[in-house]
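This report concerns only the one structure given below.
First chain written, first letter: the chains are A, B, C, D, E and F, and each begins at residue 1.
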Amino acid sequence: MIVRPSFLWQQQTDGDLKIKDWIRYDDDTPHATMLGIPFARASISASGASEFPNAFRRTWDSFTPYYVDEMIDFSPYRLCDIGDVLLHATDVTKSHAMMEEAMMYVIERYDKSLYTTIGGDHSITAPLVRALKRAHPTKTIGIIQLDTHFDLRDFSQGRTNGTPIRQLVEEDIVKGRHVVNIGPHGFYNAKSLIEAAQHYGVHIIPLKQMRSLGIKQTVAHAFSLLDVDLIYVTVDIDVLDIAYAPGVPAATPGGMRSNELFSLLFEIGQRDITAIDFVCIDPLRDVANMTVKAAAYAYFTFIAAQQKRDME
Amino acid sequence: MIVRPSFLWQQQTDGDLKIKDWIRYDDDTPHATMLGIPFARASISASGASEFPNAFRRTWDSFTPYYVDEMIDFSPYRLCDIGDVLLHATDVTKSHAMMEEAMMYVIERYDKSLYTTIGGDHSITAPLVRALKRAHPTKTIGIIQLDTHFDLRDFSQGRTNGTPIRQLVEEDIVKGRHVVNIGPHGFYNAKSLIEAAQHYGVHIIPLKQMRSLGIKQTVAHAFSLLDVDLIYVTVDIDVLDIAYAPGVPAATPGGMRSNELFSLLFEIGQRDITAIDFVCIDPLRDVANMTVKAAAYAYFTFIAAQQKRDME
Amino acid sequence: MIVRPSFLWQQQTDGDLKIKDWIRYDDDTPHATMLGIPFARASISASGASEFPNAFRRTWDSFTPYYVDEMIDFSPYRLCDIGDVLLHATDVTKSHAMMEEAMMYVIERYDKSLYTTIGGDHSITAPLVRALKRAHPTKTIGIIQLDTHFDLRDFSQGRTNGTPIRQLVEEDIVKGRHVVNIGPHGFYNAKSLIEAAQHYGVHIIPLKQMRSLGIKQTVAHAFSLLDVDLIYVTVDIDVLDIAYAPGVPAATPGGMRSNELFSLLFEIGQRDITAIDFVCIDPLRDVANMTVKAAAYAYFTFIAAQQKRDME
Amino acid sequence: MIVRPSFLWQQQTDGDLKIKDWIRYDDDTPHATMLGIPFARASISASGASEFPNAFRRTWDSFTPYYVDEMIDFSPYRLCDIGDVLLHATDVTKSHAMMEEAMMYVIERYDKSLYTTIGGDHSITAPLVRALKRAHPTKTIGIIQLDTHFDLRDFSQGRTNGTPIRQLVEEDIVKGRHVVNIGPHGFYNAKSLIEAAQHYGVHIIPLKQMRSLGIKQTVAHAFSLLDVDLIYVTVDIDVLDIAYAPGVPAATPGGMRSNELFSLLFEIGQRDITAIDFVCIDPLRDVANMTVKAAAYAYFTFIAAQQKRDME
Amino acid sequence: MIVRPSFLWQQQTDGDLKIKDWIRYDDDTPHATMLGIPFARASISASGASEFPNAFRRTWDSFTPYYVDEMIDFSPYRLCDIGDVLLHATDVTKSHAMMEEAMMYVIERYDKSLYTTIGGDHSITAPLVRALKRAHPTKTIGIIQLDTHFDLRDFSQGRTNGTPIRQLVEEDIVKGRHVVNIGPHGFYNAKSLIEAAQHYGVHIIPLKQMRSLGIKQTVAHAFSLLDVDLIYVTVDIDVLDIAYAPGVPAATPGGMRSNELFSLLFEIGQRDITAIDFVCIDPLRDVANMTVKAAAYAYFTFIAAQQKRDME
Amino acid sequence: MIVRPSFLWQQQTDGDLKIKDWIRYDDDTPHATMLGIPFARASISASGASEFPNAFRRTWDSFTPYYVDEMIDFSPYRLCDIGDVLLHATDVTKSHAMMEEAMMYVIERYDKSLYTTIGGDHSITAPLVRALKRAHPTKTIGIIQLDTHFDLRDFSQGRTNGTPIRQLVEEDIVKGRHVVNIGPHGFYNAKSLIEAAQHYGVHIIPLKQMRSLGIKQTVAHAFSLLDVDLIYVTVDIDVLDIAYAPGVPAATPGGMRSNELFSLLFEIGQRDITAIDFVCIDPLRDVANMTVKAAAYAYFTFIAAQQKRDME
């Protein structure tokens, strides 16, 4: 169901500590688990996001567990790479079920951990949150979504990366008003989707509004909207501007600068978060590996924030 | 004189409305016309800007007529793609004359419309404005230019993309003081051109000044300088930073971020504008299609602003 | 020891003045010298920074000696390209010694000039500053470093581009407290290096802090920390974000925007500066030549600031 | 079931005849139909082959219906672009069924035509041949496969682009001995697949053998092995060397040169062929559009050969 | 009329002799002149061929005047870079006239030399041959053309890179039967151009025919067709396959391999040749600089052959 | 001295056997050892060849131990990845000594094995052969070199990648007449190097000669020249044409096609070979990873040939 990572870093105990040396492959009680989902078959546009879990792992020799901006040493934080979900070669429905079961297993096996997931296309969020709900049926779940798109498409034609939020709301796993999407902009959501957002009560904070509010205030506002028990964060890297993140299936101009995303995640990461995923990074169409690196930077900014929170 | 677009989108009436479905190919009284000028022969540096009209059209399946940032539905706006100007294969002077005649025809044929033109290199602006003056000989014309360069070169050596403003001023079609150029920066205008700007009274608002003023204030200031009857806007995409727009013949660092350009156009677009052009986008040297997409985004931001203005 | 540039621009006296026409190849009393160091052999990661001096020279036909942002004409400023240091093909120690001797020669030969150096990897800074100290043994030297990294690695394993600051401090050429590094961010300095910075008293101003202070205030603060006789500025272009500068050996997201770097250099350049270097630009892995152009833009912004200062 | 092409070329009757002008959109009795299958969801490795039908159509302004090598004017040949198969967004099984039904429809509707199909990934071949068998249940079908891979993987884990030949043989639609694969080479077929080829009696002509036989002799030999009623040709562009065709999901060195592929298709095309497909071209990872162009060249070489055969 | 090269190599007398050291800038009686024509304004498709003369010059530090394949030391050969033709910024007709005058001047000034010209787009061939005819009005001129295209387009719509052969034949400067084009292939010449070739009696040797004849025999055959006084060779680099030469405006698959072009030029170069040009190399869309390098390699292969001929 | 590979593949025992599953990490008596030398500091031109050992390892999930061209199953062959040589960060002389010691250790530790080495730049060959001589002082060593260059430069200025053969010959480790270089072509060896080859008696078989002889005959001829006890093969991937191998520091047109290199290695590999290295592959400037893949293909072709030889 979950297989070991396809390659393991040789870890060094002397010399400067890199993420590759600090990551754990076997830890029963980590602060956080990292689960890979090498799956891009439900992406509307052609996507190599299935390559991202390993592309992410390959960045680990150029990152350290120390965050200079805030002078946070997160080497005490225990992050365990538990491997990748095993998937079906063509059956999307079955693959989604396998992710859901894998997530159930992780939640039970590591019940005190933060659950981080490395996608994969955005369709993975639906089974992951569904598993969280199954594990905590009485708890209400809120979603902080960072995305250029609403992902509220009708899924009668398939559970694609354009539908995860709609699925969760229609299946009553998450209430529409418990979803806050930060970052939409431009001309990438048809009017019918705007109407869907209004219909379900999903909160949309366009990028322009985020900028006029400021990042801290935006995050505070988003959390104030979420009167829930558990928070799930989903980061679609296509929220970034194409100049910063050309390596996504639907890259757009007019998006966030990467430092804005990092600031958002540093704010969000200082809160109680149950799970987070990073999706829609396509290493095959990246330029100078910049999107892969930005996603890794975003991930570790969030981890640094969690460490700061634990210290306080 | 004007030929139909070289390809036509198959338009769908069901499903989410995309720009490709919304664009009109036949409309006698559109809010705006869109005319392509596939011409790059007068560019000083080698340019594939002649490829842009079709590259622009090809983006239309990834844009919708809904602008999320300001929640503007511009699907009621009628934009008609009237095709491309037919040009001579090598005779620049004749080609410029053909553009001028085509523009004359468009102004007469669609006399209530906004005229939008998709270049092409910047040399096209001179014949387009000349046509506007011929159609409205008693009206004064002001130009808002967004550009890294002044385009005030002496044209004794040819009417290139470095000369359109100088042509218009010397021919007394537009007064120098009725030109406001927003965005110049860096080391890309020789001293002789600065002196030309001073001589003609052209207003230069360097990017640094724009940033210290703020975008709304910059636009208000620019319009306050223009006591004219008709406003022509010309957008040279090389005003953008090379990180956002590598696909121009003379890309430079230190330029505008694309969101600044979009904000400028959203402000400008809420005013009375007679015509606008977008020039110097070279799809052949683009990276990840980002410049083409940024120019399309800029274009539709302007259209959304026009819709907002019409609604108010 | 120093050889003429490997190619010389044909200089024009008519037409618009470009940098290529304005640069001097022979001037005994220039305002500034420009020395190339085509050396990348001490870079930890594979680097083509040895190609940068000539790549920089090749940009000179697209820059002019006029800075539009501040309307500064620096054509009166005399900048002399004195050529490149001759180096050994494999012996890093010998090559470093050759740079030191070349710098000694330049300081003596052009004793009234500003010394600008075009690297090369960051290891070159140590011999350059060492030469400056030898020439001015009684003077205290301060360093303004713009860098993502501290360059404080232990050099027992070689004097690489990760060690120049450590070398200078350990050799007591510069005091740790006389070094101010502006721009570090993210996850690119191991904890041991943070501890080294603290140990030596090197001042670190992370990018996030620079942004909250503002650029003018940051520069003022940096200079207030430096109670020294001579200021040496070292600009590692990897301080820029990978979206603006993919052409460096260790490009990272989360770095400076190029306009921030230009503003820093415009502030710094208005002060008394003895020498400056630009390092770690790798033209071989650049995208759309944007990093090379950004480094050239940064260089001339500094020169424009020097001209402004001379005028005042 | 089949939708019109998403864009239509504006066709010119004067000037030089290009493929775009010659292609037919409505013809009841064409010599050949062209059907697009924008489907890449069953590709084992990430693939943008779904983009190829339109990328192919976009090349039509740079090809003419005249083949210089053999001085063949194929403008009399009537080729009709009948559009694309409509597919499900995620359900691979349903999409495969939709292709099969579409192919059934085409065979019935255009019963005298050659059927050409533009993929898409290689999984499409199985439903297409299945349809052919359903339409001609008493006829034996032979397959000429040009491919680096055998496509004989076990499909218990999904009907991917690695399985079409295995599917057809196991379902007894085509006999193993009625399959000839020309072009395999190198290290890209595991031993278990070599054993499968032997087990099913599939004929493998490695590239090295093809080169020692010569192309005409190889084709003659291949046809001599096929004592069948109908011939189906399937061209996996990954049979080409990566230097000629980087734009495929699994590009390899050591493959065919493009002129060898063209010669093969010119030989094959002079025979009685019932249907042909071109698969696994991924425009998203192409370099200089060379793979897309090579596939188009291959396609029209085959058509030219058909014209030659019709003339004789 | 002719200006010095825009940059000059610093030449070394010690160390290994490179082309940059061996090239002459001032020689009254060179074996050959090299004239640059930085002109691409008459190219039908967008072209950066105007950048090639300098791109060619920049390769000179990686080539030596020794040809290993045939052990030919051509360092005794005197090749003089006489600079570039000065051109008009937009007037194609005037620019063509300026080339013609420049060529007249070169022929008179260096009357014993071989004339080599570095384009530029293919339109330059017409004025160059016209000058040759003017200088030698009683001599018959033959053309060996290496090209994918016939360049026999009707020039009523402009004297583009698609028309030079037609111009020369219609103006009776060269007879149609004195033109041999080696290398056309594929689908890149419309039927009307095939008819034009037949009408004018231009000899077409398609690539396929060249390969079946062999290169030596092809060259012998071509020369046997040319019963003329002077031979002009024109090399359109788009005769190469796109895998070898992506950096041309109309790159095609199915073309020559570069070693075939080199062999052709080595054969041709051993004959009496009056002039040669190399056209349609676009450095701006090259990949890994491979087209620029291939064109330089082709050029020096021809020079090596001339040296061999001189020695014999 | 030798460190484990920086990452280890997770190996699978079920499913299709890939190279990643078949490679051994611990085997005392392998048929062959594989040693990585991540070293590019002695390359004359900037090189990322230090990245190749790991880039090579990363290809192992797309290759199988079965060679289709000759139907050779080399899964019984035992290849052991023994890791990488530990090197000094800047001291080239020390690093070369470390390689020599590592090679000594390998020869002693695995005395029955073939020694394969993955570079690294070409300077590594000198210490590797020196170690071989030290281990077998009474044996004569012959070198088969596949290279565009002679590597006979004078090393008084450093032991670069341009000098290994000269070093070995001058140190009398290998006699000049015991070196056969297959593949030089074009303009990439100065006359002084041709003279050096003649002086030392090194055999040069230019590519053109290889092609006229045929590959089998060339190899037979090369071995007939080598009346030695041990054969060392060194493969500089820059022997390939730039169209096939853009990812080398000095890529040239006019080189070998990759299938020619593979055929050479298949012939050579069926002989008694003591050691082989593959050098000068620079993954950082590769296009579509084609050079890395070609080098891996070359490597496994050689291994397949060794297996064939062992079987016979």
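Keep in mind that, in the parts below, a residue touches a chain if its C-beta (ideal position, glycine included) is under 8 Å from a C-beta of that chain, and two chains touch if they have at least 3 such contacts.
As the structure is a prediction and not an experimental result, all values here were calculated from the model.
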Joint neighbours of chain F and chain A, given as chain labels: C, D
Maximum centroid distance from chain F, chain identifier (CA atoms): B
For chain D paired with chain E, centre-to-centre distance based on mean C-alpha positions, whole Å: 39
Euclidean distance of C-alpha centroids - chain A vs chain E, Å: 57
Sequence positions of chain F contacting 2 or more other chains: 243, 285, 287
Overall pattern in which the protein chains touch one another (line/ring/star/complete/other): other
Chains touching one another, given as label pairs in label order: A-B, A-C, A-D, A-F, B-C, B-D, B-E, C-E, C-F, D-E, D-F, E-F
Residue ranges of chain F in contact with chain C within the complex: 40-42, 44, 46-51, 88-93, 123, 157-160, 282, 284-285
Chain D to chain F touching residues, read off their complex: 184-194, 204, 206-209, 241-243, 246, 250-254, 285, 287
Touch list for chain D against partner chain B, complex: 3-10, 61
For the chain A and chain C complex, residues of the former touching the latter: 16-19, 62-71, 73, 75, 243-244, 258-259, 262, 287-288, 290, 293-294, 297, 300
